[in-house]
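Look at the two complexes coming up: chain A is in both, with chain B in one and chain C in the other.
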Partner chain A sequence: MTEIGMYGQQETRQRVRPRPAWDYLGIALLGFGLWVLLVESNSFYSSVLATILIWTIATSGLNIIAGLGGYPSLVQGAFYGIGAYGSALAMKWGQPFWAACIEAVLAAGILGLIVGLVFSRTRGQYFAIGTMFTGLVVSLVLSNWQSLTNGLLGINVEFGFGSIDQLNVVIPAAAAFSLMLVRFVSRRRLGWRLLTILEDEDLAEHIGVPTARTKLTGFVLSACVGAVAGVLIAQYNGTISPDLFDYYVGFVMFVALSVGGAGRVLGPLLGSAFIVGTPDLLNLSSGIGLLLAGIIFVVVIIVIPGGFMSAIDAVMAAASRSVRR
Partner chain B sequence: MTEFLEVEGASKTFGGVRAVDGMDIKLAEGQICGLIGPNGSGKTTLLGLLSGTYRPDRGTIKLRGQRLDGLSTHRTVQQGVARTFQTSRLFFRWPLGANLAAAAAARLLTSTGDDADGGQEKLLALVGLAGRGDVVCSSLSNAEQRLAMLAVALATRPHLLLLDEPAVGMSPAETAALGQVIQRIRGELGVTVLIVEHNMHFMMGLADRIVAMNAGRKLAEGTPAEIRGNPDVIAAYLGS
Partner chain C sequence: MLIQAAVNGVVLGSLFALLAVGLTLTYGVMEVPNFAQAGVITLSAYAMLWLNQTAACPFWIAALGGLVVGGVVSVLTERIAYRFVRTRPLAAPVVALGLLLILDNTALILFGGDHVSLSPPYAGDVIYVGSATVPAVGVALIGTTAVALLALWLFLQRTKTGRAIRAVSQNAEAAAILGIRLERQYIVSFFISGILAGLVAFAYGPMYAVYPYMADAILLNAFVVVVLGGLGNVAGAAVCGLLLGLLESFGAIYVSAAYQNLFGFAVLLLMIVLRPAGLFTNRSRRVA
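Up next, the complex of A and B:
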């Protein structure tokens, strides 16, 4: 079997398929390394890394519908927000933490189902615009429904874990699991089907792919994973406010995915590290940070359309050629 | 006894144009049937109705007694109808083998796209592309792409295969080889084939039966020799 080229990858690239177990083991080791980095860094770097890892989860979710399926969803920030607010509110109303997590993820999944039913009939820029407006509606609700969300002031989040150490284990573990999930999905029937939709949706129907159902499944899965990230950011921050989940967050997540490498397992990690990490480490204000993200996006899309992962592929290929010589 | 394929009164209108207007067709299992007619006579639209690309406005389509009309495209494929297109359509950025795997995975034949039983290589050998599974489809020649499209259609394990001008852009030698491939598909896989094709010489040697269409209706039906001598068909093609 040959590896199939994904979004923006060099078309003629072929590799022998690695044994899946090694991939999962590699991701697990990566997660372990990130955990060590998280607990050994000082509090500033640790919090930057935690945010990067939580964004990795959210963008890995996005990777399913946008990376594998090629549907440019700009609503991932809303699912992230629903995960955060949903879990925080459910706990405020007396639910135990585990139940609050499940309810928040379910809520995002249901919204994903509704949005998917409406917008999976549209393609390309219309899908992007439709999902972006959904994100706008959610962010408006979060900032204006005073009695529910306390508006712009935000709400305090009850800490659900036993200790901060537990949370520091859960965040890198969840990030690693989200990477493994994309790796898993991409090699299963759902992944094949999403990839055929990315390549040629009409032809996909003609080889028997139920395209509408496939897109819906992918979209709901993306939403649920996005909500998990939201639960974790709420737990990590201890307080949440609508500006964390503004409508453009979904767009920035899409940028992070594209910059890292859409459809690639490690793309979300690289993209999040760059898009979230750069402004944080340079201590830029959020406006300048966004501007920087926009510039990075344009430059990367022009110079390396497949994102950082495709640049890494090119470097590895050149290295292996020079070794063989 | 139910017919293998039974089309009754199938009609399809596009914005006031009656592309297919009350077509009846019956096909026996294992037949190779040709569908001919001048440009705009509704051949491709009829193929689209059979493949689930379009839904008929009126009429019924039955495969082994099962209604196909009204089914979505992917459900029609799952019922065992596959098609190819006038222009080459493949997942061009992928190797040919991945195209076949995707088709097999889409039909729930495998869950992971693995090719455990070597079915891919058999299919490739059948269409004359043995050993070409690793080649990215965009680098295949035109004739190879057209054969690849056949292999992808067959990877969905159809009972009925619909070919829309399979020999477009092929040299005479390639066309002759294509004829043998279609014979093998019928002989080895038992697949029933309906071919839309302009090349009468190609059809004469290949088809058991030919249906001629004009202006969305059936003009004539019979053996290739009968059709070639039919004055209505000659008039429709050459103008009376």
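Up next, the complex of A and C:
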């Protein structure tokens, strides 16, 4: 991006908060705090927190295409599932754990490339419908390809880490890295280009942004990060079955992102904590829990359009105004 | 076998078409992907069931009551939620999912999660078409769809309100400038869409079973039909619904029943690659 914008003004880059190092340091500290919380909590809270962190990774991936680029992808659950099944199957076929991880992420990336090639031609709601249908097809394959996935019964996953303590370190570390990745991408060329697509895709195309390639790159990156989350949930749970990756999971991930704050670095963490944590912690019967969840989604989206992050912004702004006075 | 597949396909296709016109109507005026339609269908089906079995109304009165419930619930979703996200396309799918969760789980709490059957007086009857058999409920489904589509087409073409709805769906701002009251058209469209959901409940409930998540999976197929048929295009939705139904039925019989939904997906992929404007080109909107 050049220093002088198309109207001869300084580019928007100048307005960005300086010293990005603080952001990364803050995220790293947050990750450390989450690790302490994960290790110190009792087993129930610890497992809820681990699930929240794994969802944070998946929704952070989604944040790149849906948050920065404004494309409502509802297929993130499928990449999550491919990460889980891909790594579990690769290990079953005798691959070492690290190779299985790479293969699972590659598999998701390739599917992302194919799906992206087709659906990045579509816009808005059409993109939502197309990606949601892709998620349905992947979950159909997972539940019906008996010889490969053992159908609805699911498969056992070989444990790839040295000990459960290692896994407890890796989960918060990976969550922190996924947040950093979004922070990193958002201030790089890919992030700026996605932002122009979010604002006005036709205009972006007009001033020379390669929109098709940008969307595809963003989508594939989202898919790969989603697969990492899948690898971790498979390791954490020890068994996986298709119902963990049903087609509505991708939808719920999109909701988590929107409720937390789409396009914001910490949005996925807040959204996942809310969506995954609330039903588990309140221990509601499934019907009433889902009914409440539905009411809360609708109210949050209508009342605070930018999600929790924008509510926090508003509170902080009010606080700093009153301090100055 | 061939005739049976064709007959099954027409029944399935009628169902898709009936679902898709309701979606295309609300999508046309407001650009929301109304996933909550599945919840409206569920509540309407339970209303019919409750009226018929608990309140002991005759089946036809119960069916009528269910239709009204569908219409009212659908208008409520618009009044309570959708109208706040009209200008925010990214928020619409989230609100739609929230509404679907609310409606489905209201049904779950009120009526329980069991599969129950809605049985009209003609439930057990079977009609023979050559070597193939069609249950009477299938014939009722085809008939309901045909009548509903014809009535909707006449309404949209011939009445003042219908013309106003089409105007809003083509260009809401221009319609407002010309003095069309937008709010009224939104409410009317959602009411009609709710009635259509009620008709789906009336026709689909007896064929399978009534339970809280009865319509979730078929709704996705209906969205494929909406995309294929072009938005706000009732004729397109009807033709594409039939085509998709036939395709899935032949696929289920000759390839694999478990992957029935996959054929719809294949069509969607092909269409987006080959004909991004939809099968019935509609100049005011495009897919890609």
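Criterion: the second predicted complex is superposed on the first by the 298 of 325 C-alpha atoms of A that agree within 3 Å, B and C clash if a C-alpha of one lies under 4 Å from a C-alpha of the other, contacts with A are read in each partner's own complex, and residues count from 1 in each chain.
By our rule, contacts are C-beta pairs under 8 Å (C-beta built on N, C-alpha and C of every residue); 3 or more make two chains touch, one makes a residue touch a chain.
Being a predicted model, the structure only gives us computed values, none of them experimental.
When both complexes are overlaid on chain A, the residue A:P210 reaches chain B alone and has no touch with chain C.
By the touch criterion defined above, A:R324 lies against neither chain B nor chain C after alignment on the C-alpha atoms of chain A. Between chain B and chain C, the partner in contact with more residues of chain A is C. Once chain A of one complex is fitted onto chain A of the other, the partner contacts of A:G124 are limited to chain C, with no touch recorded for chain B.
In the superposed model, A:E199 makes contact with chain B only, not with chain C. Across the two superposed structures, the residue set of chain A contacted by chain B and also by chain C is empty. Looking at the complex, you find that chain A touches chain C at residues 70, 72, 74, 118-119, 121-126, 128-130, 132-134, 136-137, 140, 144, 247, 251-252, 254-255, 258-259, 262, 287-288, 290-291, 293-298, 301-302, 305. Residues 1-2, 4-5, 9, 11-12, 14, 187-189, 192-193, 195-196, 199-200, 203-211 of chain A are the ones touching chain B in the complex. Listed in rising order, the residues of chain C touching chain A in the complex are 27, 31, 33, 80-81, 84-85, 88-95, 97-102, 104-106, 108-109, 113, 217, 220, 223-224, 226-227, 258-259, 261-262, 264-265, 268-269, 272-273, 276, 287-288.
Across the complex, chain A is touched by residues 51, 53, 72-75, 77-78, 82-83, 89-95, 97-98, 101-103, 105-108, 110-115, 133-134, 136, 138-139, 152-153, 155-156 of chain B.
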